[in-house]
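All chains are identified by letter, namely A, B, C and D, in their written order; residue positions are counted from 1 within each chain.
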Amino acid sequence: MSTENGRKENGRERIGVYVCHCGTNIAGVVDVKEVARWSKEQLGHRGVVIARDDKFMCSSLGQELIEHDIKKEGLTRVVVAACSPHLHEKTFRTACSRAGLNPYLCELTSIREQVSWVTSDKKVATEKSKAMISGAVERVRYHEPLDPLKVPINESTLIVGGGIAGIQSALEIANAGHPVYIVEREPSIGGHMAQFDKTFPTLDCAACILTPRMSEVGTHPNIHMLTWSEVEQVDGYVGNFTVTIRQKARYINTDDCTGCGICVEKCPKKVIDSEFEVGIGYRKAVYTPFAQAVPKYPVIDDENCIYFEKGTCKACEKFCPTNAIDFEQEDELITLEVGNIVLATGFDLFDARRIPQYGYGRLANVFTSLEFERMANAAGPTEGAIVMRDGHTVPESVGIVHCVGSRDRNYNNYCSSICCMQSLKFAHLVSERTGAQVYNFYIDIRTPGKDFDEFYQRVLEEETLFVRGKVAEVTDATRLPGEEGKLIVQVEDTLAGKQRRIPVDMVILSAGLEPRRDADDVARQFGISCSSAGWFTEKHPKLDPVATMTEGVFIAGCVSGPKDIPASVAQGSAAAARVVSYIEQGELSLEPVRASIEEAMCSGCRICNDLCPYNAIDFDEQLMVSEINSALCQGCGTCVAACPAGAISGTGFSDAQVLAQIEGLLMLNLEEPAVMAEPV
Amino acid sequence: MTERIAIDPITRLEGHGKIEIFLDDDGNVANTYFQIPELRGFEQFCVGRPVEEMPVLTNRICGVCPEAHHMAAAKAADAVYKVDPPPTAKKLRELLYSAFYVTDHTTHFYALGGPDFIMGPDAPVAERNILGVIHKVGLEIGGKVIQARKYGHTVIEIIGGRKVHPCTSIPGGQTRGINEEERAEIEKMGRWSVDFAQFSLDIFADIVLGNQEYLDLILGDIYSHRMHYIGLVDENNLVNFYDGLVSVVDPNGKRLGKYAPDEYGDWIAERVEAWTYLKFPYLKQVGWKGFVGGEDSGVYSATPLSRLNAADGMATPLAQEHYERFFETLGGKPVHQQLATHWARLIELLYAAERWVELATDLEITGDDFHTVPTETPTEGVGIVEAPRGTLTHHYWTDERGVLTKVNLIVGTTNNYAPISMSIKKAAESLITSGTVVTEGLLNMVEMAFRSYDPCFGCATHSLPGQMPLEVKITDAQGETVETLRQYC
Amino acid sequence: MTENGKPKFAMYWAASCGGCEIAVLNIHEAILDVDANFEIVFWPVAMDAKYKDVEAMEDGEIFLTLFNGGIRNAENEHLAHLMRQKSQLLIAFGSCATEGCIPGLANLSTSEQIFETVYQGPSTENDDSVRPQYMTQMPEGIIEIPIFCPTLRTLQDVVDVDYYIPGCPPESHQIAAVIGLVISVLNGEAELPPKGSTIGVGDSTVCDECPRERDVKRIKQFTRIQELEQIDPDLCLLEQGILCMGPATASGCDSRCPIAGAPCIGCYGPPVGVLDQGARMMTALASVIDSRDPEEIETILDGIVDPAGSFYKFSMAHSLLKAARPSENGR
Amino acid sequence: MENGFEPVMIGFTCNWCSYRAADLAGTSRVKYPPNVRLIRLMCSGRLDPTFVLKALSAGADGVMITGCHPGECHYLEQNYKAMRRVMLLKRTIAQMGIEPERVKLVWASAAEGIHLAHEITNFVDEIKALGPLDWPTAPRRRALEEIEQLEVEEVPA
């Protein structure tokens, strides 16, 4: 067989071929002895010096056989014809390295899954096995010894997002004794959980369980908090990321500020708090989002601050006992070197305005779940009083609409998973605090979690009414007597099978969870991917739910989909465990199946530049050549196949290997030329 | 009776020939066959290609005159899109083309055809080449010849992008223009070339015209054929290489008419003979009467001589002077003595050089409007230029995407296939008779008959590559091969 | 070696256009080195020579032969064998000999189709459907012309080749360089490259020598050059939508065509180490076509009106498939 | 097509989906024709048209390229590149007189063993219907071509 232009042969190899019986799994259909005999005879001139068959090649005896031959017969290549590489490639590679042969000089061809198990005719199966061995032999001739790629792991970790998932990760890693940076967009960590009143199903108050964790983060020696900050840029790869962070101007010198709160008190400018209080409460222009905020330092909201508007006021500055106010402060760019990154940026609440027929934003007494959380929260604007928009009237009847924006092909197909329990929690709180009649409008009640269904039963017993059906409309257009001044919930009761109009004083929309509006940008920034819905994609949805396709970038909490608090916390810990295990290893060894560019051959045409989903390919403007960062490369080989100059080569799956395997499979390498049209 | 005749292969022409000479019982020439032994099939495999590629595809028909094909193809492509390139583009093309003519005619005169005269037909073969010429005329001439070729190729590279196989002509114009710096350089080289052309004419004057023996040779009957002539002329019926109408005159010099490119089909037809791969074009209206000359035979030639015969004069002053002297000296139009073609070629050389300077000094030549985007749906078009070795016709048909569906090419030397065959036969007849002692020089005259046409079978065999091994095979009446002389060049 | 001790040099043209000879003549001064270091025993375009002289030579008597032109007919093939037999080093010179060049596009058609097209052409009067015959009985006797082979083949398809010099034609400075190398080898100052090497080319592709600015490639549509309002003189032609073969074509030509505003058409053939030039260009282009929607992709691909002709314009005869298979549609 | 024609075909599989689908077909003992011989790549994005042309010119009667379903590529989006390459390749080989149907792109996830087996069965039938490719450069054909050559020599062109 001619070695084609550009395919250098690795000289004369000594190849051992091992045909496995796999009990009768293979031997029952394939004439393994014949296959072995044939390999020696027909492929001898291709370097096959030994061809053996064995009952179970994967058994210790089988492996020893290979090791023995490598040592005694000086084999330079090994071909095993047995089961799928996904089962035993590692087994045989390990056997080779035990015998001192580089593991990557071993090729496993699957004559069980691909031949004996799928073919009935013995003759045909035997012939196909020969072809596959012939292919493997040709291929293995072009294998090269490879060594795993080692990269050092920087001990520091970056956590993006200071919600409960991020907090959990940060504490786990910090407690393991490793430095952590936690970046939070808002002035304080805490995330959505800080806004909640009670948490289902146990009904313990969110603040009571969250704030201790927050302050622990605030005071932890291994944790460095960067609140009021956002990630600008991410470079590098697993173990060696360089992250640039923009710390927005707080106009408060945090070294001097004691968090006494006098500035907030003295600030003359009152602003509707559309962030923490979701628009139902007020804050000052200088503020801390909530009492237990961590860190305690306030921020000056330069869009509303009178000084920034008119150039006068400075009340805060006048009264600040430590002269911590600094109107000249500017955004600061901070560069961090970290080894791993955990993304815990959470979710956005579905905007109920998008479903106009539910009247939110139009009908005063239609509330969103988060508005209700704040209202029910003792620290909230109504100090826990559940009242209508007027601020004092206590509702006599309340309708809670489930699945708002969820399980709805017009908005989101997925189930937001927390709405059922959240709604039941609302129902309980309403009836507990107001005695009002509560209606739950649901599609299905889903209570799979621990103690969830018990909580459901409890709410049922509280004589809350459940109407099964998707609410068509919430309106103030009254038609029937008794509807005056009320909100009418128009719904098809699918159990009773009839349309119903239910008048209530207040409606709570149990809005679903959505990916952050900027999820796509964040994903791109960190080189990971989003599902069509916009949630970050796990490396494996079941077996690796907190890892991503990009080594060293992990995800926790609602970034990968709606979750309740326990699940988010669990993921926070899981991600932390993954990070710590990397750190503990000190360096990471990566599969050596990688692409690389021969600089002299690269023309700088830039065809390959946009092909790598892991951004492993860079263009060097000076040298005018493209370069591959082998630590980022995942070895898919797309750029290898795309390079018009043939300047990119891929270890493990080189052109030479594949072309040789094609010739082998087509039996072009036999002593006498193959007869193509005969039954294989 | 097998008379052995030693004959050297015909050399020094771009391409090769295969000549069959049959003798009768008396050992006289019964018939001769001049065969073209190869075929490439451009007309077939250009089909399916996008029309804008034709200028670079048909380049490869001939590496000796790729510029001619590049131009003809570009003009045919313009016609296919009914697009008229901006003046700057047309002038750039003609400028490149004029420079090309200078190199090409120079090469032929000094390296191929000229030696016959400069050294004399009787000179030893070894001396009848460019080196002999240099020895006889002096070393500096060699330098000049190389310089002339170099300059021509430089211009071709500046405008056409490459020395061989230019690439810048596209449907609607050119891919780029030239700047003032380049223009100035081109002008400089052009002026040098005008001097060189005159210098060459002087050499011809004193070596050839000054030598009665050569003059008799030229005016003698051996190399004379009364036939039709065609050549491209401008609106004033003056010789033009790049554009115009094709003028057709009969053996009496009477103009039968002028045809536009898209009318070529009414004037030209091609005949197929089983013994050669190359076709024989002839004047359709006059008809094919075999390998004979005269008013009633459609055989015509398209050479420098033909062009002078078919035109009313030259478009540049110096060349015009020589044009007049040419016909005075040779006894008025039309001139049928084929060897005069060498002289005609030098007059064209001068014209090309003068035109080169004219265009290089044209104000529009450095313009930046060198391409018009075609808007019409492409259909069919013909492009004609005057190649050094004959009128070159490219005819394309395309689909609505501008992809070729049919291609017809009538290429330079092909036009002269029949005349060349006739000249060879005539020369053979007059040189090979029973009892003739054939000497080297005498036989070289067969080659001279051949060479005056400057046949380029790279082109002619556009239906096949530039290679044409010459083989002269002499067979007697009994079918015995008297002698086979081969030359694989 | 000859009496004067100089190694013998020959250059021969088979199915070629003559451009290679012109390119060699264009090395100007360097041609004198050839004259000084070799005895030119056979170079039809430049000197008198007799075929029988070559036949008379000892095997391997010629040290170096530059063979240009493809193998189109029986005669070309015969000459290829003769030159191989008589030469120590046989170099496939130029695109025709190395990869088939433009005439290789004939491999998209059958001989019958070629004959039909040529000898029943629009301006051809041939009512009796006369076709050239390889043997013809004339009144005076039988005359022959060489047989036309079914496909055009490259030199390496018929004989063993020592080195390859691609290009249509090879750039004169590359030719001069190669000749320089051979001379220094003769003087023991250099080693010959490994047999079978492609010489007189760069390591990379045309883009490597192309001065045009280029960015990340994303192709939304292909544009025919004549459709461009204005060809940007500085921007990568491919990024202007023009199908430029530069990325998949061996460097060495100084990127002449792209510099002149014309797309590279691939005359230097595949880069060293690449099996199939067309395949590499296809894979590169397809990779950067900016769409995931099959319908849109088809529309974009419609912009390539002649894939086989564009990707294999020069290397058809040397591609993996070498020639199209006769069938109802076309060949 | 005359009976008894057993095509030889090459199949390229993605390590993450279709190769595992083949494993699954095996473990679930689905029977399918033996004509297709598989080559494992890391991703369909590694598919270089050179491989396909090599296979066809070296004697294969058909080539199957398999990968993850669109949107499910293990390497995010490389299978789209494979798809585009195959689309362009088909156009080119059509001009070379090869039925585009001889090259087939099939999406198969790791869970679709039966689907893959089914696709292979269909493809084998399709190729049987098309008949042998017998590419002239393939070894078995070489002898034939020489014979044709001889014929040409004897009969005047």
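Criterion: a contact is a pair of C-beta atoms (placed from the backbone, for glycine too) under 8 Å apart; a residue touches a chain by one contact, two chains touch by 3 or more.
In this text the structure is predicted, and so the values were computed from the model without any measurement.
Note on connectivity: the fewest chain-to-chain touch steps from subunit B to subunit D number 2. Each chain's centre was taken as the mean of its CA atoms, and the one lying most distant from subunit A is B. Each of A-D and A-C has its own count of C-beta contacts, and the greater count is at A-D. Chain centres here are Cα means. That of subunit A falls 36 Å from that of subunit D. Subunit A and subunit C have centres, each the mean of its CA atoms, that are 53 Å apart.
Computed centre separation for the pair subunit C/subunit D is 31 angstrom, with centres defined by C-alpha atoms.
In terms of their C-alpha centroids, the spacing between subunit A and subunit B amounts to 74 Å.
Counting partner chains per residue, subunit A has residues 611, 638, 641-642, 655, 659 touching two or more of them.
Residues of subunit C in contact with two or more other chains: 108, 131-133, 148, 275, 280, 283, 287, 306, 309, 330. For subunit B, residues touching at least two other chains, in rising order: 48. Pairwise, the chains that touch each other are A-C, A-D, B-C, C-D.
Here subunit D touches subunit A in the complex through residues 4-6, 8, 10, 19-20, 22-23, 25-27, 29-32, 34-35, 37-43, 45-48, 50-51, 54-55, 58-60, 71, 74-78, 81, 85, 117, 132, 134, 138-140, going by the rule given at the top. Considering their complex, residues 48-50, 53-54, 56-57, 70, 77, 80-81, 83-85, 87-89, 91-93, 95-98, 135-137, 148-149, 152-153, 156-157 of subunit D touch subunit C.
Those residues of subunit A lying in contact with subunit C across their complex are 4-6, 600-611, 619, 638, 641-647, 655, 659.
Interface residues of subunit C, counted against subunit B in their complex, comprise 12-23, 25-26, 28, 44-45, 47-52, 54, 69-70, 72-73, 75-76, 79, 96, 101-103, 105-106, 108-109, 113-115, 117-119, 121-126, 130-133, 136, 138-141, 143, 145-146, 148, 168-169, 172, 224-231, 233, 256-257, 259-262, 265, 267, 305-306, 309, 313, 330.
The touching residues of subunit A, counted against subunit D in their complex, run 84-86, 110, 112-115, 117-121, 124-125, 127-128, 131-132, 135, 529, 532, 549, 593, 611, 613, 634-638, 640-642, 650, 652-653, 655, 658-659, 661-663, 665-666, 668, 673-680.
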